[in-house]
Amino acid sequence: MTVSYTLEVANARFAGFTKLLFRWKGSIYKLLYKEFLVFCFLYSLFSVIYRCILTTDQQELFERAARHCNKFAKLIPMSFVLGFYITQAFQRWWGQYTSFPLPDNLMMVVSGNVHGMDERGRLLRRTLMRYANLSSVLILRSISTRVRKRFPTLEHIVEAGFMTEEELKTLNHLYSDFNKYWMPLTWFANLASQAREEGRVKDDIALRLLMDELNNYRAKCSMLFHYDWISIPLVYTQVVTLAVYSFFAFCLIGRQFVKPEKADEYKVHVDLYIPIFTLLEFFFYAGWLKVGELIINPFGEDDDDFETNQLIDRNIQVSMLAVDDMHQHLPPLEKDKYWM
Amino acid sequence: MTVSYTLEVANARFAGFTKLLFRWKGSIYKLLYKEFLVFCFLYSLFSVIYRCILTTDQQELFERAARHCNKFAKLIPMSFVLGFYITQAFQRWWGQYTSFPLPDNLMMVVSGNVHGMDERGRLLRRTLMRYANLSSVLILRSISTRVRKRFPTLEHIVEAGFMTEEELKTLNHLYSDFNKYWMPLTWFANLASQAREEGRVKDDIALRLLMDELNNYRAKCSMLFHYDWISIPLVYTQVVTLAVYSFFAFCLIGRQFVKPEKADEYKVHVDLYIPIFTLLEFFFYAGWLKVGELIINPFGEDDDDFETNQLIDRNIQVSMLAVDDMHQHLPPLEKDKYWM
Amino acid sequence: MTVSYTLEVANARFAGFTKLLFRWKGSIYKLLYKEFLVFCFLYSLFSVIYRCILTTDQQELFERAARHCNKFAKLIPMSFVLGFYITQAFQRWWGQYTSFPLPDNLMMVVSGNVHGMDERGRLLRRTLMRYANLSSVLILRSISTRVRKRFPTLEHIVEAGFMTEEELKTLNHLYSDFNKYWMPLTWFANLASQAREEGRVKDDIALRLLMDELNNYRAKCSMLFHYDWISIPLVYTQVVTLAVYSFFAFCLIGRQFVKPEKADEYKVHVDLYIPIFTLLEFFFYAGWLKVGELIINPFGEDDDDFETNQLIDRNIQVSMLAVDDMHQHLPPLEKDKYWM
Amino acid sequence: MTVSYTLEVANARFAGFTKLLFRWKGSIYKLLYKEFLVFCFLYSLFSVIYRCILTTDQQELFERAARHCNKFAKLIPMSFVLGFYITQAFQRWWGQYTSFPLPDNLMMVVSGNVHGMDERGRLLRRTLMRYANLSSVLILRSISTRVRKRFPTLEHIVEAGFMTEEELKTLNHLYSDFNKYWMPLTWFANLASQAREEGRVKDDIALRLLMDELNNYRAKCSMLFHYDWISIPLVYTQVVTLAVYSFFAFCLIGRQFVKPEKADEYKVHVDLYIPIFTLLEFFFYAGWLKVGELIINPFGEDDDDFETNQLIDRNIQVSMLAVDDMHQHLPPLEKDKYWM
Amino acid sequence: MTVSYTLEVANARFAGFTKLLFRWKGSIYKLLYKEFLVFCFLYSLFSVIYRCILTTDQQELFERAARHCNKFAKLIPMSFVLGFYITQAFQRWWGQYTSFPLPDNLMMVVSGNVHGMDERGRLLRRTLMRYANLSSVLILRSISTRVRKRFPTLEHIVEAGFMTEEELKTLNHLYSDFNKYWMPLTWFANLASQAREEGRVKDDIALRLLMDELNNYRAKCSMLFHYDWISIPLVYTQVVTLAVYSFFAFCLIGRQFVKPEKADEYKVHVDLYIPIFTLLEFFFYAGWLKVGELIINPFGEDDDDFETNQLIDRNIQVSMLAVDDMHQHLPPLEKDKYWM
């Protein structure tokens, strides 16, 4: 489930963000603890080798290497490249969310403009909304691992009631190399056009309104498809990952508590055994990279990913509510409290 | 109340921003003084321990630790990560404000297009606007702590006159797992459609205009809901908080005025007792983080948060004014001053 | 007056930006010279105290303090925080400018769609445009110090011909706690609706066009109001100001030309008396902060602020020109030069 | 083919980005290995010259030069300028992709609003969509090297079925110095207008809808043309390239493992022969620059460039499917599963 | 002419950006060589003075000054302020380009909706488009030095066929303190309205379409005007210029190859005579500033500036082509290749 925490920090009070540090779900700890353990293990390994196994000559060599590593690790401008990369990933992430096709506008328009309380009217309205929802399911199936798991085949979609058997046949019958998510929307356009001819849609302007909202809806589905198809160039992601990984690889050696270079430094030398600063840096930088990993595809199954299945259910539910149960079912008009 | 200060700095005159430093309300001092006191207390504690309690050997150990801390604290790239984080939070913050649903467009359109000076006409116009306002109250109740306090239950909304008892019943009757803020807007669509049939809305184009503005209004409500639902990933906030907190934790030790490392440094050693630079850094960086805390949820009760309750009152007031009192109530047309 | 200089640098020729450095109006020198003098005075004061008044022991103490200050002043990441802050202020600044309500679209639509060369027709068109202009004057009065000075009371607006006495009475009669800038626009909507009934507006589509442009116009007024109401959080501005001010406070001491720390540095010591580098840094950083001060409220009376009064005059002038003088007054159609 | 990898990193699991490092297709390795080999070769060359050929005096000179180079190479703020440059290139890159003209909206509108199951109806609908597709082919031919290769002359477009011989003649007949991509869209407008007169388009509102979508489509074609015409200023690209190239030129000398400056550094001197840190830096910075090279023109033939030819095929295929096969061919309406 | 180079770097192949370095037109070399020569000359001058003219005592003073300069020059955060400044200038630059009024949409709408193959019909369509083009010429004349040179007076515009003598008279007759670019567009609105009355525009919806596109066109003209009127605040440009200039002024002294400070540094001292690193830095930073100079006003006569005159010609040419030659002149409809 999306981890929502803004209500907790609604007021900027004493140590406001502190409480956010003690959460497990969707937290940096949960995301990073495995990498952290691996890093700790490798660091200890090197530490043990250096302290217990190496001869004095080998130790000296190790010490030189460590100093060298430490010096050059500083040259890697991680914070810079991470800052820019994450900012761009973040914008795509929010762009993807706002591209999520919600049927709210469409259902309001269908409810208000496709008339008739009889069965045919209901059938028209419900089918129109079903088409719209089907379309979003088809597109989400191809980009969200959660939805793919829920609907491994098109038959599962039929079973879930988003599609009829006949529709599935028609869909399979039409040949296209590419994603067919747009087909139910073409049905929508044609059905709306038919409804206009039957007089269920009373005028051309109402039909136009339906078409406009349909196009908005389709544009969002299409945007989602393209966000999935065109990723941030692989090269960019590789460059960032390489920078962070190589930095910490060097830290494994360079941040060992080796003997100081010069004799007079002995008295200020601190051997902590546990490199808490390096570990903190790891948490910080590797955590920042994890943010990128998290938001680069918000349609996965992370704690923080979008709840696509829940949204699909919500959409079909409110669609039917709005065009069927609520259609022309108004509470009685009353004078309000401030009527004068 | 939102702290508005731009008028004071309208002109970039001598020491323009200086006067902004001497404000309490909504200021960095008010937000931060508690954390500041805690930091001071802990710093003093360590200072006293170091100076008065530790033995000379222990002192030397402490000094080493302090030097070590100070050296590594510099590696934490706070300014960078804060800069990027705050920029993103800022964009969301302004996005949230501009998503605040204002009924101004809607009321102008209702006033101009739903005709009839009789009671039915008034009832229609007032009810339409009441629906719109009700919808925004429902959504704001779920995201703003201030509004939630004002309307703890739906009954409070009825009492305040935004909803009738009948409407509450209908609303409760409709089952949905999710926020029902969109329901009054569906009523709006259906009522407008009914008004068209009664001839109160004179043509299809006017109806379309009503529908368009309704959709704009709904889109804003929906946007607000999503801003609340999809926060900045928790991981990101944690990374930033962790960076700032660990930096100042290290400063507690690393910025103590310990004895200098080498004998010849004694004569240039300065022991200020009060680490004014570190305190300033605290004000600066922790203050920057507080900015994030402040704007990450602008619907809380901070001095600088949006005045949702005030806006709700303003909206219903001007809605009624525009569609009722001002409807077709024009001042007499006169030739203007420059008429030739 | 807005300082426009792009024409001077239209071509990137030799030392292109150089000539911009020798301008007084709207320049950094004009904005900053007072602060600069104060800084110079304080620096000299400390310098004189150090060189002439202090005893040798006190001097040594001062030198230690100076070195300490200088070292820590470097820790303040001014350029970073200024960079981010100014970028955000800049976006708001441009956003405010593009929100300035211009009647151009509206007047073209009124001119083309409200028909009638007789007095009633002229009266309608002129009044509609007057309402629009009145609305922008009302909103600008509340945010621009220049406009406020020009129209200290609503009577001044009547005098200037933007409003009639009757309209003022009606406006005063309507009670609202909030800015009433939207009221003339509601009159506009109602008057347009009336014009449609009279047949002056010939069809529903033209009325819709009027309503759409009206809504665009109103949206801009509203945006302007909100930009004014919701400032950049005070805390943010305070943090930035604090950083810059404390940096230069430390420079007053830390950048004094004190005796070098070690004997062997004597021979390389440079005592310039005038700290030209520090003064340049002052110009640079304090200048950057001044940019922020300048653009955070573009409706003041700075050299670079928007010329609201001039724009108000332009708007009413072209409005009347377009809807009255130019209405259906076309130059004769002729075949153009390339007619074949 | 566009390298899509987001599905692989849908979940932020252990070492999530690690697997991305072991890919060849579209990877940084594939893009950069040639430059890398050249750099290695040159480095070795200098290394051999220094170690084997130079006399001791010359070696000393070389060592001085190396130290000098190394010191100044640090002054080049590559990460900064690269960060800003890539960010801007990235925004253009995504802008270009979202400007890709997709016929989806247009085909839905044509399918729903140009009526008639007879041959004339089909002909109209198919021709309209062919015009739209032809237009995008014409514009893509001028900007995408892939499309240019596929359609070296206009005859190839005729052959591929996007244009008839007659249309080619008409196109050639019309004289214009500039790209003629907009001409088929003018035909579209005129043909739609004709279809309205024939009654195939039933009302003015439907015609307007066609015109609106046509304009959207044309705007995208036009945007694409302008992205191609107006590049990021050459000067900017040169500055960035120069910075990166000169940095690595200096590294060739400055990062040689020369003898240490002072005698007492001998014992800590590390001679690795292979400068792994410098090579990593090369990968990192030159890789970042390659990202820029990759995205500055996404219509080339890189692994990561847009698959324009594939998109062209998809577009014509779905266009015909939607307006012909699917036109008024609806699956039978059935009550859905949740009908009550 | 705009320097377009993206086609050359369509594929990210070996040393892709390298070839961009060997261009003269629109290059950094062409833009910067004069400043570069001046800098070299001044540097040599100081060098000669130091080496040949000064006495040993004076030399020592100079050396101190040089070291001092060098130390403080590092404090100027040029890369930061340049990065932010150029980014903002870049956004404005692209904003200006996308605000360029292109008549493509308008001409398509005129061609499709203003009917009549007779002379009156042609006259109407041609005149409408001429008005639109005239308007853009009027606005461009006031912002582009190139267009100003081409049309120094309004008579030149008449001569070029964009305006008739009668229109010029009418234009001159109307008094306005401000740019009159909007007047031809008001004529357009009125003429379209007249065409509707004559029945040349067949329905209200078509008229509305014309009006909408007209407003879009006008909005772009207006945007262009405002981009010109409201520059980036002069103060900001001055701050950036001052930073870069003062940095290089200090480099003139600070980067001289003075004798090393301490005796033992003699053996590592490198005296290159030519400060290649400083020269590179100059190219790099001054080049970055030149980017700003180049893009701050894209309507000048630089190699990289927009080709306004060429665009004006293109616009009038395609306008006439579309509304006259191509009006209802369609190639014969044929079954396409894939007809089944």
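Think of it as A, B, C, D and E in the order they're written, each chain with its own count starting at 1.
Keep this in mind: a residue touches a chain if its C-beta (ideal position, glycine included) is under 8 Å from a C-beta of that chain, and two chains touch if they have at least 3 such contacts.
Just so you know, these numbers come straight off a predicted model, no measurement behind them.
Visitor: Chains shared as neighbours by chain C and chain D?
Guide: E
Visitor: Following contacts chain by chain, what is the lowest number of steps it takes to reach chain E starting at chain A?
Guide: 2
Visitor: Turning chain A onto chain B with a C-alpha fit: angle in degrees, nearest 5?
Guide: Value: 70 degrees, nearest 5.
Visitor: Would the interface of chain A with chain D count as same or different, where same needs over half of all numbers used to appear in both copies?
Guide: Because under half of the interface numbers appear in both copies, chain D and chain A meet with different residues.
Visitor: Would you mind pulling out the distance in Å between where the CA atoms of chain B average out and where those of chain D do?
Guide: The computed centroid separation for chain B versus chain D comes out at 39 Å.
Visitor: Let me have the rounded angstrom distance from the C-alpha centre of chain B over to the C-alpha centre of chain C, please.
Guide: 24
Visitor: Do you know which chain D residues sit against two or more other chains?
Guide: 31, 80, 83, 87, 204-205, 208, 290, 294
Visitor: Once you've mapped the touching chain pairs, tell me: line, ring, star, complete or other?
Guide: ring
Visitor: What sequence of chains forms the ring when you start at chain B and head for chain C?
Guide: Read from chain B toward chain C, the cyclic arrangement is B, C, E, D, A.
Visitor: Give the list of chain A residues in touch with chain D in this complex.
Guide: Touch residues, chain A against chain D: 31, 34-35, 38, 63-65, 67-69, 72, 75-77, 80-81, 83-84, 87-88, 123-124, 126-127, 130, 143, 145, 161, 164, 166-167, 169-170, 174, 176-178, 182-183, 185-187, 189-194, 204-205, 207-208, 211-212, 214-215, 218-219, 222-223, 226, 228-231, 233-239, 241-243, 245-246, 250, 261, 289-290, 292-294, 296-297, 299-302, 305, 320.
Visitor: Contact residues on chain E for chain D in the complex?
Guide: 2-7, 9-12, 14-18, 20-21, 23, 26-28, 31, 79-80, 83, 86-87, 90, 94, 97-98, 102, 104-105, 107-109, 111-113, 202-206, 208-209, 213, 268-270, 272, 277, 280-281, 283-284, 287-288, 290-291, 294-295, 304, 306, 313-314, 317-318, 321-322, 325-339
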